[in-house]
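Shared chain: chain A. Partners: chain B in the first complex, chain C in the second.
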Partner chain A sequence: MGRRRRRRVDPADAARALPEAIAVLTRTLPTGPSPETFRRAKFDRPEAAPALWRLLFCVLSPMPADGASPSLALEAQARSVKAALRFQGYPRRALAQLPDDGSQGGRELLLALAWLLARGPTLEQLLAQSRVRLGDEMPVCECESLASPGPAVPSVEADGCVDIRHLQWLMGKLRFRWRKLMASQQEQCALLGKIHSYTRGCHSDRSLGHLSVTETELLRDPEGGQQLLQRLERENVRLEAALEWRRRELVFWQWMDTVLGACPPEASQPTFLPKIPAQGAAELELVVRELQALQEELQGVAETRWAAWEARVGGHGPEWSASRRALQEAVRQDLVALQWAWERGGGLAQPHGPHRLVRTEAGAPEGRGLQATEVIEVLRSREACLEVVLGQLQGQCRQELARLVGTLPGLIWIPPPGR
Partner chain B sequence: MSIVTVQLGQCGNQIGFEVFDALFSDSHCPQKFCSKRENEAYQASCKERFFSEEENGVPVARAVLVDMEPKVINQTLSKAAHSGRWKYGQHSHFCQKQGSGNNWAYGYSVHGPRHEESIMNLIQKEVEKCDSLSGFFIVMSMAGGTGSGLGAFLTQNLQDQYSNSLKMNQIIWPYGTGEVIVQNYNSILTLSHLYRSSDALLVHENDAVHKICAKLMNIKQISFRDINQVLAHQLGSVFQPTYSGEGSFHYRRNPLGDLMEDLVPHPEFKMLGVRNIPQMSENSLAYSTFTWAGLLKHLRQMLISDAKMEEGIDWQVRPPLSGLPTLGKMPLTKEFHFNTSIANLVILRGKDVHSADLGAFKDPALYTSWLEPVTAFNVWKTQRAFSKYEKSAALVSNSQSLVKPLDMIVGKAWNMFASKAYLHQYTKFGIEEEDFLDGFALLEQVIASYRNL
Partner chain C sequence: MLPADCSSRLVAELRDALDSCAQRQRQLERSLRISRRLLRAWEPAKTPVPEPTPGPETDEEVPSSACSPSPQDLKELELLTQVLEKAVRVRKGISKAGGDKAPTVKSESTATSPATRASTRLRASDWTGSHASETKPPRGIRQTRVPAKDLSEHRLVSVEDPACIGRGARAAKLEPSRRSQETVPLAAPQAREVFTLKDKGILLQLPVAFRKAASQNSRLWAQLSSTHTSDSGDAATTAKNHFLQKMQTTSGWPSSRLSPAEVEAEVGRLQKACSLLRLRMGEELTADPKDWMQEYRCLLTLEGLQALAGQCLHRLQELRTAVVEQQLEPWPEGRLPRASSPCGGGADTIRSPPLLLYSSTQELQTLAALRLRVAMLNQQIHLEKVLMAELLPLVREQEPLGPPWLALCRAVHSLLCEGGERFLTILREDEPAD
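Then we have the complex of A and B:
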């Protein structure tokens, strides 16, 4: 057997590797621009900027399930991208300084994209978010909704007085929407229950037993079945591209180093300062003074308390340190108990993410996966904790209101009658 | 989504029957201008909301009938059953053998707690029949004796037990020259209690509906049945299905919720009124044609001049020019008074509904300063005509139009209260002077808030 001739890397191959890698990347992403756009962006060409703004917008904002993208203007998308990056802690100030109209900034946007890709499982998250769901799913935790802040809402400058009746109106609308949402969810549950029980025994997978809404629609509407098939095929393409990306991405990162090198050195002061409206300055002064006064007051009170406690407890010495250790141990156990009560299960894995709903008959053998009763228990104990916190916060608000009212002469505060 | 109706007292039960009848008649009215498929979707939506299905196929109204004596309930049940088209549930009613003596306090403090469990059980059974519950209608008179006291008690109970569901009270405002001596006391107590526990109070004024019957419908001998039918027509034209949005052809799932979100989110402003156009006897319908422009012009003027029907509208009343305060525009004759709205909902049904131009309703001068017309004004539409009316429009508004009647009632009640007349009827059953004072305070606050728009 002859020695295998080592293939020398063809320079043409090397040149192709980068655009091919980028092409694979864009196949994975929701609205991938062409490799040419990426190249132009490295040189900060203005025509590359809008496509990259749109790409970042799709990556950063949670995509609606059916793939219909919200038709926001480029300016709104740009502002949303900046807010989302700020929320995630993106450090480069140059991006925040880019104009909102989306006309510039290709290079900075490239860097931001690379930062997102390098930082966490961005691609995997995107794929998980937009995957085709065959079952009826519901989330069992709030992680996803807490993590993504949603599209940035343009802040309304409240110049001058705001009529409080308008605020009350808006609060009332929110409450009604919440109640309507509750009613809709109950309706959805009732109808899902009906579908699941009607289609008992229809599913080829015995452990599931019944059909989901999507699967029922497949049977009823062959045309829709075609569309579902197409969606699955598109998803396949993206998944395969994602796998291939993992094999080719080194070339991309080497290229990104050159992009970073092409940037002008960044000015100092990388931190972002919040925008303070001009009129607020006087009120801020007042708040600062109040805070300082409060801090001094607290310090004084804390010192006297500490001294009194020490006097009561007695001096130092071996029995003192022993009792202190015992105290610390007791506190630690309390904290652990609290945490356990919160998580309800100690070391067991927390249920996360969306789960498919499967309806089983009473008395049937337990299948794999979570039991609804367990999830309900966890949620109920969480609800109880949150209610306690809510009550405490409301009490604090009431006390604060009473205190503020006390400082204003000539004002009578009549709290609403308790029911 | 379904609505469960609670019919209370003689008033509530008679009106409730007419409402279900009007809804059923409209949904089965032969249609010329919409496709069969659309009509079927309309019927299905109406049916799901107000009726449930029984085995033999006759729709059963989603209703609970409550009265302290059996006469009216039995009449209502048999009228529905004899029609053969729809009926009430066999066990969906509650009545006592004895009468009640027309006493608000007795209804609230005695009947209420005594029969609470039975009545709430009936309501629970109706709720369980629904796939999804949007909310409750509670139909009752404001000034009658037991019906209104019991109604106030029940609404509070519904608030406690179904706190997430929506509650709309359909209140019948008594004639100004009513027969019951203590009707003003009853009104005060009813209104103040309902204001705390209900989400919206849709007021139907007997005087206004009576005039509609006399002038527009040309009825010579106006009976309660005529009045109730006009009322039912108004309610039907509000709550029958409409499209869920501009350009959509799906019917709205939760009109009660949408209406409340659009009109009564503010806790101090819960009083709503309905106006309807055209309103005429069905014989005259065949000889009339209408344009949307004409209908909407009249409807708008009805709103701003606080007229309740399309005849005798005062066209002199104009919205104030921007910059001038509303009251400052009053000419010498003080009768001209501009009716400021907080929010309005216009519902259009019929042919070419998409061509109707509603720009005049979006005039900021119509509304209070703290709401923009884009928030304060909403439109619902459907191409499917209502009953035999080729084009019809309804307006539900949260406006100052109930300030004057309310103020009158409060004034009269206060005069009686100041001389402590008839109070023993109430204190005998646990309604103390303090409860009256609370009621007066709350209603004065409501009047002041509305006046201050």
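Then we have the complex of A and C:
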């Protein structure tokens, strides 16, 4: 039989392991720099820098789903990479000091890439972002609607004063856009319904049953279908590489340690620290104000009621204290559960992410997936909540304005007719 | 006129909202274009074809574009042949089962036989990916003798794979021999018939290469999401942590420093906390306690909510001081796209997307409309808060009673209280009439 497993890796294997690992890594990365680039980067060769800048840009900026983003110049990419890394809390300052023209810094960029890979499931996330979507997908949560809009748009606001009528005009434009959006969405759903029902039974996967728009399109347009097939095959290659990477990555990390060791030590006195963007600070202030308002409201409401309660309910016997303790415990658990909802991302209990739309007959056996009726219910209750919140805010404004104006004599304030 | 900083902030927010709307609209329109096109009659492919050849039985057609079949093609052809044979067997079973199938088949064949004829000719004549001048059906069409309503696997599979060009000729040879039992072999060229999804959508079938790639794709995704832990995984994780540690220590920065991403994430969580607390408060206030125990519980809850709000505030103030302390360097211009949304970063999305089952178009429309409505409400609430924060102080500060202030009040009221849709009227009583 002979020894199948060796304790120590054969030196020849070890020598091959690193280049192979790097080769696998480059196969799974989106813009795949060559393995040679990595080696050059370790020795801080300048020619490695541009490819790594581009790679980092690809990794850090989420690919816009609709069409290709206009490709930026290397300088702009470099600046964007620096900003993104700082945003994520990248520790090394040397990267921030690299020139934007991409002429230097291979080693620092390599370290940055490794840092990103080490911190989280970066590769998997990259793959998931650029994934070929074969079905008609619809997100069932609001997470994407709460995220800020896509690529960084430099604020080109005319920094002059505007009249409030301009704001009113913008609001009107916004309302119109929403209406148009609603109408287009309804049409799209009707068309989807038709396509799904016309192609029922055509899919090789029985659980899906019918074709999606992408799949039907591939049949209508063979050339486009070819391209889709190629994209799918490319993705398969990347997926296989990602799986293989998991088996081989150890030697890469050991190598990165040596790369880090080869760097000159940074000055221990930090002179620059990243600044939280002003936009973030404004949002923080908003939340502070909201919480303070909430606290005051709670206090105001509770005080009077406590007093009333104390008056009605004097001292009670022993069974009173037992039930009191029980109630306290129940409330405590309630509140802990509530706290969980925002702290640990307790929303994971709810379905998230895009789901593939599948048309079935009503009353089909459950268990295959999420039912639209359930999602509709959740959304309805969510809608009701939000309407209440909006109504409260508007009511607050109404009161405030009425108060401000009401102090002035000689004015009659005629509100518009109610809904 | 509004002051400059207020103006720019509000205009920026509104433009943001308008842009995100426009982005959604663009995506929708793209999808709409594609869907509309799919529901119309399908156009033939672009490349012109040399003249069509006569009956498929007669010739061994060499495709005009050179594409010698590869071993893979031959293998797929094998599979194709097997499927065809099976289909014939099945069909024989059907036709034996129902005697009246034949006439219905014939009547169906008015719909399908043009397709039949067309695709036999199609296979025979050109495999360059183009259609003969009179043949219409797309690549994926297959012949079926079964009435269109009978959706089952009894379909004669004649898969035209757009990926392989050279195959069709061989298939053409095999096909007609099966076909000749059932179809009327037609040699005469037919008028162009049009493929619409409505009539013939059921006949479609995905090409083999695509199916293979798609199933491999979902298999690989499943593997990727499942192999999170393994032996090598642990060692790699330790190595990664070691590397991160070393990066941190060599940089000279305290590891307790918060990154902007973390601050933002935490502020988001606390904002969610605020809305949840407020929601809960609303529930407690609208509930009507019937006895002293319920009232006690209600009051305890309100007290607890207040304590939680206090905790959140405290945390926010900690964050605020941390933010202030770290502001030492000018921020590069341009706004950054947010880090991956909590949704996309989850492990769940690594698998194939789960299914969302709907049963009628109405249901789908309701679902989509509600989604949009919720998104719109979220946006409105955000805008409302921002507008309140900016405009109410203006109204408070400006005390002069002149018409400009009243105009401002009216506009602010409309924006803040009516969503900009309605206006109120202000009458002044002591207006001298002239």
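Assume the second predicted complex is superposed on the first by the 216 of 419 C-alpha atoms of A that agree within 3 Å, B and C clash if a C-alpha of one lies under 4 Å from a C-alpha of the other, contacts with A are read in each partner's own complex, and residues count from 1 in each chain.
Everything that follows uses one rule, which is that contacts are C-beta pairs under 8 Å (C-beta built on N, C-alpha and C of every residue); 3 or more make two chains touch, one makes a residue touch a chain.
Just so it is clear, the structure is predicted and the values come from calculations on it, not from any experiment.
> Look at A:E20 in the shared chain and tell me whether it touches chain B only, chain C only, both, or neither; answer first, second, both or neither.
neither
> Now for A:V132: first (chain B), second (chain C), both, or neither, which partner does it touch?
second
> Please indicate which partner A:L191 is in contact with in the superposed arrangement: first for chain B, second for chain C, both, or neither.
A:L191 sits against chain B and chain C alike.
> Of the partners chain B and chain C, which touch A:N236 in the superposed model: first, second, both, neither?
Only chain C; A:N236 stays clear of chain B.
> Once the shared chain is lined up, is A:R177 touching chain B (first), chain C (second), both, or neither of them?
A:R177 sits against chain B and chain C alike.
> Considering only touches as defined above, state whether A:C397 meets chain B (first), chain C (second), both or neither.
second
> Going by the contact rule stated at the top, is it chain B or chain C that touches a larger number of residues on chain A?
In the superposed model, C touches more residues of chain A.
> Touching chain B and also chain C: which chain A residues?
In chain A, positions 163, 165-166, 168, 170-173, 175, 177, 180, 182, 184, 186-187, 190-191, 194 sit in both the chain B and chain C interfaces.
> Which residues of chain A touch chain B once you look at their complex with the stated criterion?
Listed in rising order, the residues are 163, 165-166, 168-173, 175-177, 179-180, 182-184, 186-187, 190-191, 194.
> Flag every residue of chain B that touches chain A in the complex, lowest number first.
Residue positions touching the partner: 1, 131-135, 164-166, 253-254, 257-258, 260-261, 264-268, 369-371, 375.
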